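What follows is a set of structures to go through.
There are two complexes below, and they share chain A, which is joined by chain B in the first and by chain C in the second.
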Partner chain A sequence: MLSLLAQIDQPSFVRPEIDWHGVAPELLLLGLGALVTTLDIIFLERIRRFMPMLTGIAFLIPLIPILTLWSQSEDLPRVMFDGAYVIDRYSLALKVLFLLSGYIVVLLSTDYMAEGDYYDSEFYQLISASILGMVVMSSARDLISIFVALELISIPAYLMAAWRKRDLKSNEAGLKYMLMGVFASAIMLYGMSILYGFAGDTKLSSIATAIDFGGDTAPIVTLAIVFTVIGFGFKVSAVPFHTWAPDTYEGAPTPLTAFLAVASKAAGFVALISIVLVALPNQADVVQPLMWVLSAVTMTVGNLIAIRQTNIVRMLAYSGVAQAGYMLAPLAVYGQEFNETNPANAIVNYLLVYAAMNFGAFAVVLLGARKTRSGEISSYGGLMNYAPGLGAAMTLFLFSLAGIPPVGGWWAKFQIFNVLTQNASWAGISLAVIAAVNSVFAAFYYLNIAKQMWFMPEPNEDHTPIRFPAPLATALAITVIATIVFGILPGITGDLSDFTNLAAR
Partner chain B sequence: MYLTQYLLLAAVLFCIGVYGVLTRRNGVLVLMSIELILNAVNINMVAFGTYNADVGGQVFALFIIAVAAAEVGVGLAIVLLIYRNRRSIDVSDASLMRG
Partner chain C sequence: MTEFLNDWGISLMVFLPLVGAVLLAFVPAKDEESIKLVALVASLATAAVGVLLIWNFDFDAAQTLQYDVNTGWIDIVNARYHVALDGISLPLIALTLLVVPLVIIYSWNHIPAPGNPKVFLMLILVLHTGMLGSFVAQDLVLFFVFFEVVLLPMYFMIGVWGGEDRLYAAIKFFLYTLFGSALMLVSFLALYWSAGSTTFDMVELAQEVAARDISLTTQVLIFGGMFLGFGIKVPMFPFHTWLPDAHTQAPTQGSVILAAVLLKLGTYGFVRIAIPILPEAAVEWAPWIGLLSVIGIIYGALGCLAQTDMKRLIAFSSVAHMGYVMLGIATLTSFGINAAIFGMVAHGLITGMLFFIAGSIKDRYHTLEIKRLGGLLVQAPRMGWILGFCTMASLGLPGLAGFWGEFPAILAAYNPADGVSQTLFRVYMVIAAIGTVFAAGYLLWLLQRTAFGTPSEEFAEDPEITDMVATEWISWTPLLILIVVFGFVPGIIFGITNPAVIEGLQALSQGAR
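== the complex of A and B ==
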């Protein structure tokens, strides 16, 4: 039998070279996630209390290979599968961001999940699956791996949004998120299929060389680009694809809202940066106007609606829409030459700062809701009187979100303006003006919350202090330190845009 | 057979799917319309893959089929959840919160 098989002329299979050190973070996260799930299945109730701790450790251990990869920076970028999977400083920085985001989400969920009788261990397992998708996404330079990573991020998130089974609002949050998400990814796939048809290859770098017409863009390529961008526009909640965001944020469990508002949005931006800057560097005359409009509309609509909100989670949701508009802005000028900071670097730096300050704001919201059981902005009255530490932290995050020095947010905004105005192009300057006007609008509603906390009386004259559970206090400490460090040591992360020369290889 | 025939079929399926998503109010029918779009993508992928003599398109189609199964599994679970609580799968009934 074996001799018969040997006679058939089989094409020989050569295993592609795998850089085990390079994929160690992903493999470790996958292995530890599977291990935690197995432990849950074996020990059931006896181990349930330790689930948050175990999942947190599973997020921290993969940081070790990332640090060793970073320290051997002369080997970077490490390229696998002919450039379909790339490990460089850009992707390593994002992996750190996603793993720490996962850790903070676990800290935020610990008490929330334990106190409402939900199915808590499964929640942590779904979070690890979603974070694994993000870690893969930051290295993916291929349409297939980007698609699979995107779905690995989204599908667990649909389930987690509908987590509170008997709560109608949570059901509705899950339904809206799932239907819009599946629809957007189907549209995105149609765009990708046309891109693939033109290039004859799914690798982003091949697409870049295949559809390089030297300025002459076929209408069908434009259609493909628009469809592909729509898919990610949904993920980053850009207007007009943002309609799911406020309802899902309000109805879903609050720790998951923080997860969607920060980690999931960052993953969408990572994919958008990879597609735009690696696959479409020569299609600037299509992508730039598209991004200009998306960015201007997103920040303006987000801010205008955020001003009217009375619920703090909805307010943060719309403010997140507006912040996505700022982050889209550098892509409106990406085709030009940059000598100081470039669009990818500005966006990644913004994502890092945004993660710190927004997670912090959500930690304060969770702590506040433990006492007031309310999400209304008016319930924050007099917070400075009975919980001065919490009030000071919230003030810090609000100043950072509004972009007031010396806390992190100003540096992130400064980078965006720097990119927009560097070449004095009409598109860049006009978008910078729109962003500046929007920042002033935004400061109004951020500082309104600060005013409530500092100057308004407590509702119900309730002066009992807020009890800080250890996980939430840890999350708050991490985010406060990160927000301050990003602000007073600007540029601490260095230049994280070394991937842009990949398309030229 | 020409490539355009497959692309036209896929485009028609895509349009039917988008029309279905935008007009149907029944949760299950919306999911079915999304399946139509995904199958339009699959036809595109396989047709382009054969046209370009590249196996990547068929591999992509296989991935899409697998992921679509997972998506619909989760989708139907959420629709069932809504049905248990509300006795209705009309998506326009889900309006406790107004975006």
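== the complex of A and C ==
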């Protein structure tokens, strides 16, 4: 009682120091998003046509402060709120990834939304909100800000998944995604609350010191870790928590599926990296085996089920599950002794390449569906004959996803293998071998689409060429170039995440 | 000039075909003549650069890496763009430079169904870059990238232009090879980290592995990963099953390139990477490699005797011939490995020729079923004679190139390197020698059933069956001449490879001490 009184006597709330330059990207995105919404409310139908363009610009402008922050590298890392919010090269690289992802999703949505008679302005505003959550997530080093960012990402996504409200499948998609997402959040929150209860602080770096006893992890902490990881397992669609993904991906509007498969999953990984590497650096005895099993099961089950799929979006969904398995793999061998290559570096590299190639594949799916009105893999028959450019681009993305040089995917996989073999530990090497075998399963179903495009005749003898709307063509061009550059000059991503260290531990 | 070659020669050679492929993309698909011309010019220009390189090659110092270019590429993982040429790569580079233009000339009037020479030739040129790059790469990561680049074009060549069962053959080829190379990559990385290395450079890595005390178990396991990667490509028994399918279904051009060059990527990998870097593990593995080689020799020969399709028969004969090459490598002696490299070149020339002939027979008869063929010497006497000549070369007749691949490899097994069981290899030697009898059996039987006798009724009056045409003469003559030349003067190749092979085996002799 006395202590409480003593607290009251203390000087009341003091505003913590805010680094306005550091949070400029977030503030700009927030302001521009609000501005776009206001414009929509004022001008209604008259401005609807310009909404995608305005939203796209709103995603590009915050890149300017990111660039200036990047160029003043001697000031990095910038730390705010006593280490709860950190701006370093790692988070800046991720912010660029998320903003560009947002831009590409807008490009993918433009024609889809305009032709579909949906509420298009609101769609873009929700995407802005979700992207803002991701940008915040990159810097969050505190349980509360991570949780808030995660909900800011997820809640708009629940709405958007059910956007085609006259379609039963879309309703199913939205409902499943929301129920599973809320369930996952609840479990994660329970885990986080135990961590907080144990550490007495929500800051990740404080948790790390509070739960470190220099030896085995306490059982209660183990429980907290398992719950938290399971919560993120839902977000990144790791097996056995992946069951929502295929139905949601198939039912949701296709551009939103691309958004979920790439950006939303990346955000989940960012949070997972922050928590594991910053809050649990000494809990390798619990986290490593957990991640080993999650990773091995996720990649194997995802790949094996993907082989059976006949719908391309479902196939990409399961392939995304498998790719999540590869990305989890480095966390199975993380630890203190890494000095040259750390797991976060490999995962972020993977995310960058994965974003380029997966967005590209979805752009092709959208373009293909404009002609065939079908998501079946068999509808890709003869694509090389009537749309050789599109076919070549898709071939590029598929081989990249399968990890065949010289396109980007090989570099992503290489980084994963590189981390896994680093300590020459049995756990690492055995997981690398499992991943290598899995890449053969994966090649089978990616090649299945290549087979349709190259070797099979057109269904219905329909040879009309595909019309390329400008936004989709732009998205395709960006992703093709990125995929090739990542493959031939992998040093480019290397430079970005070379500085990956989660500063302010 | 020399300076230019030193700095840019190899890179120019490797990437010229790719430039050709990009140029082809801009030629309209209807203009087939220009397409073929551009492809031919690109491959000839590549060959010209290659000839210049070989001309200026210092043969007295064939063991050193020449035209060495070593610049940064992926700094973050210490992978470098390091290319160079030495006595081991040179014969294989020369073989590649020769075969690809010949294949393009052959394509002049033999574009397989469903046509589209533009994409077909683009794929061949991309393949060319991948093959040349693999033979000059001196960095494991760079090697891996080139090694994988060849997968794509070959997959599409088999899948689009192949025979009836092409889809199955294409995917089988791809998945087998990918499985091997994925594990190969893991073992490269495991090697890098367990050696505590700071480079993927093949030569430096070998030195670091030698300097560091890596446990033998680890070495043996890492070698196992490489063994899968290279062994599947060779292909060694029991991983050979993709080869007959791929060869049978591939278009003629694909079969020729596959037989002449692609299979050599596997054996080259053993000679260049696996053995010099992990000599101690190589000694442990040698008996097993030898065993699989002789099984391959006998199994391939028996497989040949059971075939009803000419192309499939030649494919199985490849399994047997690559068995001799691998036996030579498994001895781990300079004599055996020299023989193996000779065997690679000889097999490339001879089996390449056999696939060319099979393709031309298919064009005329529209079948390769041995039962339905016959009387080739009556209907197309010149082609019949060439077939006879090539079967003789293939079964290892002294005086032709095939002999110098097989005979020294068998001989080398008499006396393998220190630490490898002599008794065991002498048993292998006997089995391999018996294999040559089988080889004579199936090749002569093939010749008898296809070339001798009278033409069967269904083809007797067929006006499509003509003798050699101009493109066939142009594309085949160089191969035939070289088969004779190397048969009489084998020293040409042995002289180039020997110093480099001895250099590569140095680590082995040091390790054994």
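Here, the second predicted complex is superposed on the first by the 479 of 505 C-alpha atoms of A that agree within 3 Å, B and C clash if a C-alpha of one lies under 4 Å from a C-alpha of the other, contacts with A are read in each partner's own complex, and residues count from 1 in each chain.
The rule is simple: a contact is a pair of C-beta atoms (placed from the backbone, for glycine too) under 8 Å apart; a residue touches a chain by one contact, two chains touch by 3 or more.
Please read these numbers as outputs of a predicted model, since none were measured by experiment.
Once the two complexes are laid over each other on the shared chain, residue contacts for A:Phe50 go to neither chain B nor chain C.
After overlaying the two complexes on the shared chain, residue contacts for A:Asp201 are found with chain B alone; chain C is out of touch.
In the superposition on chain A, contact of A:Phe468 is made with neither chain B nor chain C.
Once the two complexes are overlaid on the shared chain, A:Pro246 sits against chain B while remaining clear of chain C.
After overlaying the two complexes on the shared chain, residue contacts for A:Trp70 are found with neither chain B nor chain C.
Once the two complexes are overlaid on the shared chain, A:Tyr386 sits clear of chain B and of chain C alike. Interface residues of chain C facing chain A in the complex, by the touch rule stated above, are 72-77, 141, 144-145, 148-149, 151-152, 155-156, 159-160, 166-167, 170-171, 174-175, 178-179, 182-183, 185-186, 189-190, 192-194, 218. Per the touch definition, chain A reaches chain C in the complex via residues 341, 399, 402-406, 410-411, 414-415, 417-418, 420-424, 429, 432-433, 436-437, 439-440, 443-444, 447, 450-451, 454-455, 490-491, 494-495, 498. Touching chain B in their complex are the following residues of chain A: 143-144, 147-148, 151, 155, 158-159, 162, 165-166, 168-169, 171-176, 178-179, 182-183, 185-187, 189-190, 192-194, 196-197, 200-202, 242-247, 250-251. Remark: chain B residues 10, 14, 17-18, 21, 27, 30-31, 34, 37-38, 40-41, 44-45, 47-48, 51-52, 54, 56-57, 59-60, 63-64, 67, 70-71, 74-75, 77-79, 81-82, 85-86, 91, 94-99 touch chain A in the complex.
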